[in-house]
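For reference, the structures are reproduced in the following blocks.
Here chain A shows up in two complexes: once beside chain B, once beside chain C.
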Partner chain A sequence: MSSPSTEKEIRGNIFNIQRYCTHDGPGIRTTVFLKGCPIRCAWCHNPESHDFKSEIGYNESSCIKCGKCIAVCPVHCHTVMDGKHVFDRANCIRCFKCVEVCPSALEKIGKSVTVQEVLDEVAEDKIFYKDAGGITLSGGEPLSQAEFAVGLLKGAKEMGITTCVETGGFVGYEVFEKVLPYVDLFLYDYKLTDSGLHKKYTGVDNTLILENLFRIDESGAKIILRCPIIPGVNDTEEHFSGIARVANSLKNLIKVEIEPAHTIGDMKYEQMGYGRPDLKYGVPDSEEVLLCIDKIKKYTSVTVKKS
Partner chain B sequence: MLNEKQLSRIKRIKDFYMEEPVFKHHVSYVRVMRQRLNFMRAYINSIGTEWIGPAVTPYNTELLKSRPYTARLRLAYAEAAILNNMEPMIHDDELLVGRPDYTPLTKEEEDEYKNLELAMRGAPNTTYLTLGHMSLDYPKLLRVGINGLIAEVKARKDALDLNDPENLPKCEFYEGCLMELEAELVLQRRYAEKLKEKAEKATGEKKEHFEKLYEIVSRVPAEPARTFREALQAIHFFSFTLWELYYFGRIDQYLYPYYKADLEAGRITPDEALELLCCFLLLPDAYIMPNVAYDSMIGGKDRQGNIVENDITFMALDAAEIVRSGTGKIALAFGKDNSDRLLRRAIQVNATGATQPAIYDDDLITEGLIKIGISPEDAHYYCNTGCTEITPIGCSGIYPCAPYHNIANALLRAMRENLDATSTKPILESFEKILHREVQEQQLYINRRQMERSRNGGEPLRVSCLVDDCLSRGKAIDEGGARYNHIEPTFVGVSNVVDSLVTIETLVFNEKKLTMQELLDVVDSNYEGKEDLRQYILNRIPHYGVNDKNADKYAAMVSNAIIGACKGVTTYRHSFLVPGTFTYIENATLGRVTQATPDGRLKGTPLAASSSATAGREIKGPTAAVLSATSWDHSHYMGGIVINLKFAPNQMSGENEDNVVTLIRAFLERKGMEVQINCISNETLRDAQKHPENYKDLLVRVSGFSAYFTHLPNDIQQEVIDRNEQSFN
Partner chain C sequence: MDTLQLKGYALTKIDFIGKDVLSSDCDIIVFLLDNCEITIDENSVFFGTVNTADIMQSVILARARKFFDKINEAGFKDGFDSLAYTGMADFSHTTTQWKDLLSLGIVGVRDRIAEYEQNATDPAKRRFYSEILRVWNASLRFLRRAEDIAANAGKNKMSNSLKHLVKRRPLTLYEAMQTIIVYYNLQMFFDGTFLRTLGRIDSLLYPFYKDEDKEVADSLLVSFLREVDKLKAIANIPFSIGGTDEAGLSLTNDLSIGLIDAYGKAGTHNTKFHILYSENMPDIILKKAFSEIRAGNNSIVFMNDSVIIRALLKIGEKYSDAVDYHVVGCYECGGNGELTCSCNGRINIPKALEVALGGGKDALTGKQIGLKNDGIFPTFEDLYTEFKRQLKCFVDCAAKCTDIFEKEYRNIHSAPILSATYQSAMDKGGDLYCDYTAVYNNSSINAVGLGTAVDSLVAIKKAVYDDKVLSLDELRRVLSENWVNDEVLRLTIKNKYPKWGNGIAEADKIGKRIVDDLSEMINGRKNEKGGVYRLGMFSIDWRWYLGEKTAASADGRKNGDTLSQNSGATFGAEKNSATAHFRSVASIDAEKTPNATIVDIDFHSSAVEGKNGLDALISSLKGYFKSGGFAVHYNVLNTEMLKKAYLSPEKYPDLQVRLCGWNVLFSSLTKREQEEFIMRSKKG
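On to the complex of A and B.
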């Protein structure tokens, strides 16, 4: 067992701390985004959350072509050709020297921080949490950095701050066992009912995910089931009834939240230098979302809402 | 809630007011042309031009008697002439009456106007400096009526021993009061006559309507008010003839007894009262210069310190939501003992895009007022006057916003005086000294104006009849008759200076990227060829507004320097200075003539509004913005502070309402003085820029006041959009 002081020194990699989050659990929350994810959902809108290591984001519209990055890059990844800044990521060694000198466009995505540093910022907003709000761990997959996550959750509880974990569930159950005592609410993703399709669209099947879900439910964890609705992928009767079936069999479920697909992440794919995702889908309008909710409600009496 | 008929009446009145008067006829602070013409005619006439002979003869004694023989009395005489010559203005829909005479001048009158303006150049310039910006003792007007005031003034005048020269100014003051008060009665009578005429001509429902109004206007404001409607009519009538900012004060406190009595006697229904209150809030649109706040305050506590939350408190919020006036708005005083229900309702009204009520921390303000020597009773009974400038009600001779100091310029001068500095400390010291000198210089100017006005008059004398302790002391406001007389200068560019100091510390002292002289060269050249450095400042140096400890520390230091700069400066009326950071639209006007500043701000662009963070820099959301804004002590700034929060409409409704309530509670717990909310999407604002004709009554919060967006100058419009851009997601 590590001592409390060393627990607070555990480091993790995060890519954002977002304050005044009102959609990731009750009240006013501070959401900490942990970097890195073991699965790749085809509709993911957070490409900067994939890689466990820090990387470089480049926002072309903020670039003023000052050329400072060209001068400092040891491996000559930055060039300006025909008035356009070209960033050759294939050769980048992630030394981040360019980020240090860039005044506007290059950003280091991912920062190594200690539990204490994160808790300090989270504590800043304590006056706004009242009884409802608190800290939410998100990602990426926050449970993939297990020790760091435990440190954050435990530390928050020690400060009297409520905790939420937003998880995709694809980690070993031993991680859940470690965090369970310190989590007030799980925001648990449920993406696809058909295991084969799950594998097709996320890279893994959903056996482990479902197993973990039912086990934490058994142990009394409070759960909100979060279901992304991606037109053409999972807006099927089979999945809607599947959501209801899972919801009905959970003992500690608070509600089901529907998260309609959006395309806000598309720009970020370019900024991170990833190609645009292959999956193309439409964005459901509010009427279509209501329709989905109605369809799920046919099979269950639990609360189903848009997140 | 109001029925269709009531709502459509309110809409018709609003359309009429917005179409017709103020926007077309008001030229800055100059009164409506026709009233001004009558004023000048009387003034010039009262001086007299003919030679009346050296000796006292029955002829010239008579002549002198009919003519006011001092500058102050000429002013009162001319004031009275306006009232005596005004044509009653009555629209068929109005439930409360009294509006300026907007009849355009004829060609001959225009020529006469020009000639009289030339002739008036010889008259003492008494209207310079602030008029109004105070709330009057309207409860007294309701209690005793104008006749009661006249009786009091006469009694006081008759009691004077005129053999004592000390009493002559008092006598002159009382005489002037009487001239004006009696003219109010003349105007009231003329309104009543006109209503009678209308009633005689009308039939059916219309006839009843005018008969009822005739009955009311025959009575008030001459006599004490007996009903809710009489009370509203009385205070509106008295205040509209001043067509300046003489605020209604705590309407829920003094209107409630009238409402309650009416209700108990079955004279009124809650909806009828609400409809009247709506009409009342609309009226200022018809006579107050556009783009200022003409707030009425609710909530908070009474003079004895008891919580005030009654039916009128909530009715005022309902009315604000229905009327959405740009001028007649509601402000909320809210302390820790006020109810969640009230705050929640206030937030719901804001969520409709009504841009009101702004919320004032009642506990903090009372504490701040007591600190500057205001009695505890008066410190509970204050309101925001001007925009966010705090003054006690019915006893204030306080000058707000006098003047607007551009503190960004002071910082640039301080930098030039400290080229060899090794820390920001000497810069801040110089900054305070420079600011102090400027404040002192400007104050001398203001003091001389106050001196001029103390001799020759300024505020209409009837105003002093409702400001303690003018009547009992026999002194007008301009002579220092009011109980409180401090001056509230205001300081523009707070967050520009804070961010500039952080920039200097980072670039010159910590990173040693460049010297002070080099940094000055960069800003003097408007960042010419140094866009990379400007971007670095904008993107890589933490700013005020993101809960950054260092930047917030500088905010406290700048605030202290401002307080220090005001210390030891005495006003003409032997009072002192109380600072504010309220900027009105001066952050844009001063910004236009201000060079680039070290915070990355380019030449000519607006300075930051009030003590909010610079537009677009609150990148950590509203909690961080609130923490920064409340990281320094607001209690010294009774001259007014404005903190803007902005939300997209969906961020304030549904479940998010709770979060906004929590946010505002926390702001007040941390002793934030004032917070106001913009809840409107930028798509709407951009569309309004393109199609102003479709958005005539689109309201936005600018800085302590709301404005019709399409009436704002372009750079202020843009600033509102920029600020909104950061709308918290």
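On to the complex of A and C.
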């Protein structure tokens, strides 16, 4: 067992701390985005959350072609060809020297921080949380950095700050066991009812995810089920009834939240050098979202809302 | 009588040969009251349209003009022209004593003057009373004229109420509202002294409201707001709700709620709400107010009762007066009995840094507008000390310019209508302006561009003194070249350096320090009227004009670009959300800014949607005020809608946005200003 002081020194990799969040749990929340995710959802709009290691974002439109990066790169990844700045990511050793000198276009995505450093920033907004608001861990998959997540959640509770965890659930149950005493609310993703399709679209099937969901429910955890609706992927009657079925079997469910697909973040794929995702889907308008909600409500009496 | 004839008469009176300003003003006002055109709009529920062709404004300007020559003679021309500092008269930010006005009525004010006149033994006082009595007698004649015109127009309710108001105080809600609108006209267009609040209207009208049938009363409220909306104003027409009494109890009542509901229904864009928040204000007020803001009716400013009261106590006002403060114009506060002059002096904070670096010279014109120095500052503290010395110089100049005007009020403007409503003016037997007869005769200096100045000082500290990226002389070269050869450094500072408005200690510390220093220089400084100066930290639309005359600054700003808005961040620099923005501004000791500290918080509509969005807005307000905030204005901006309105203005005639201190129709903005709003709406 580690002592409290060393717990606060545990380091994790985060790619953002966003204050005044109103969609990640009750009240005003400070959402901490932990970097790295064990699964790859085809519709993911947060490519910067995938890799567990820090990486470089490059926004071409902000580049002023000053050549500072070319001068400092030890492996010559940055070049100008035909007046165009070319960034050869394949050979990049992620030393981030270019980021340090770049005035506008290169950005380090990911930052190694201690539990204490994060808690200090979270505490700055304590006066705004009142009874409802607090910290939300998101990602990536926040539970993949288990020790760090435990440190943050435990530390927040010690300061009297409420805690939410936004999770995809694809981690060993032992991680849930560790965080359970310090989590006020789980925002738990439920993406696809058909396990085969789940594997097709996320890379893994949903067995472990569902198992974990029911086990934390058994242990009394409060849960909001979050369901992304991706047209052409999971906007099916089978999935809508599946959502309701899961919702109906949970004892501590507060509500189901529908998260309509959106395309904000598409640009980020290029900035991260990942290439655009293959999956193309439309964005449902507000009427279509209401229709989805009605379809789910046919099978359940729990609250179903847009997030 | 037509406008030209009225003007012709008034102009013969301006030079008041053989008469003083009061007498001469009374002549003009009586003439206007007896001869101006009165029209009654077909759809009007209340009487309230006169045309005096802004004659009193021409009179004031004509008289004030020669004092601008005195400013030039006193050596302030270059500083004034460069907008490093300005200072002048302010007749534009007053309130009347609304409680007295409604309990006496127009005729009661007139009768009170007559009583004072009869009992006066001092000849000077007696003369004052008889002069203003002439005006108030004419006011009653004016009401009778209006009554006839209303009757001829078939407006029976209107003409009956006017008939009553000539004889007695208002007894019904309708008559009380009519009294407010009539008085607004009298003061604005005849006295020529701008009336900038309708007062704490929920408390004022409650005695009339509570006896009315609720449905009738609520429909009257909507009519009243629509009528007020049509009145001519120099910016918006504000009124307040809420506040506390001397025991600290909330003054909120059913009418406070009724007024917000009516505001939602009335669809006005010229009225403005000041919500005087206290911790014991019922949440329902905040919920309703934020619902309106979310719906785009965002002409609402929240004022923090406890901080404002303490700020007024600190400049020596009595507790009972501080508690009963008024908010005039945008957000400026004055205690009960104070003749609020909230916009006398201005100083340009970033300009003080510009002249500190430039040996006292304006970097754009080369003119010596500040104090000379040798330009050598071995440490950041040395530079800050010099910046502070130049700031003090600007404050002194702004105050001296103001003094030149204020000691001459008796030769510029009198206020026979307004003065009669002030108990202190009646007791002292003199005009509010000519004889300084208010309880508090204070003046104000507002400091503009705090965010720009903080960001520039932080940038210099880091680049020159801490990281030694360049020397001070190199920085001088960079700024004098307007950054053209140093885009890399400019973007590095813009994108990577700490900025005001992000809750970052190293910037916030400097912001707090500047305000502390300004407070020492300004608050409590004696003026020419037996009162003191008060500090305000807002920039409204001045940030454009002052910015145009301010050279490139170390925060990455280029020559002539706008300065930071009000007490908040430089536009686009607040990247750490609303709570961090609040944190920075709350680091200012707002009890040292009796003339207001104000932050504008922009939200994209998605951040405020749903029940949680509403709850979060309320928590944000309470958190900010608990941490010592003075006032806040929320703007909810929807990028898509603004873009559509930009492209097809004809389809969005009613879309309103907060320009700075007041609301405007989006369609009335220049394309450049519209583009700024679209940019602003994209974040968050």
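Keep this in mind: the second predicted complex is superposed on the first by the 307 of 307 C-alpha atoms of A that agree within 3 Å, B and C clash if a C-alpha of one lies under 4 Å from a C-alpha of the other, contacts with A are read in each partner's own complex, and residues count from 1 in each chain.
Going forward, a residue touches a chain if its C-beta (ideal position, glycine included) is under 8 Å from a C-beta of that chain, and two chains touch if they have at least 3 such contacts.
Computed from a prediction, not measured in an experiment: that's the story for all the values here.
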Simultaneous placement of chain C and chain B on chain A, clash or fit: clash
First (chain B), second (chain C), both or neither touched by A:Y20: both
Partner chain in contact with A:I28 - chain B first, chain C second, else both or neither: both
Partner chain(s) touched by A:P103 [first = chain B, second = chain C, both, neither]: both
Touched partner set for A:K130, first chain B, second chain C, both or neither: both
First, second, both or neither for A:K68, with chain B first and chain C second: both
Interface residues of chain A shared between complexes with chain B and chain C: 18-20, 22, 27-28, 64, 66, 68, 103-104, 124-125, 127-128, 130, 132-133
Touching residues (chain side chain C, partner chain A) in the complex: 487-492, 494-496, 503, 576-580, 582-583, 607-610, 612-613, 615-616, 619-620, 622-624, 626-627, 684
Interface residues, chain B side, partner chain A - complex: 531-536, 538-540, 547, 620-624, 626-627, 651, 655-656, 658-659, 662-663, 666, 669-670, 728
Contact footprint of chain C on chain A as seen in their complex: 18-20, 22-23, 26-28, 64, 66, 68, 103-104, 124-125, 127-130, 132-133
Complex interface listing, chain A residues touching chain B: 18-20, 22, 27-28, 62, 64, 66, 68, 103-104, 124-125, 127-128, 130, 132-133
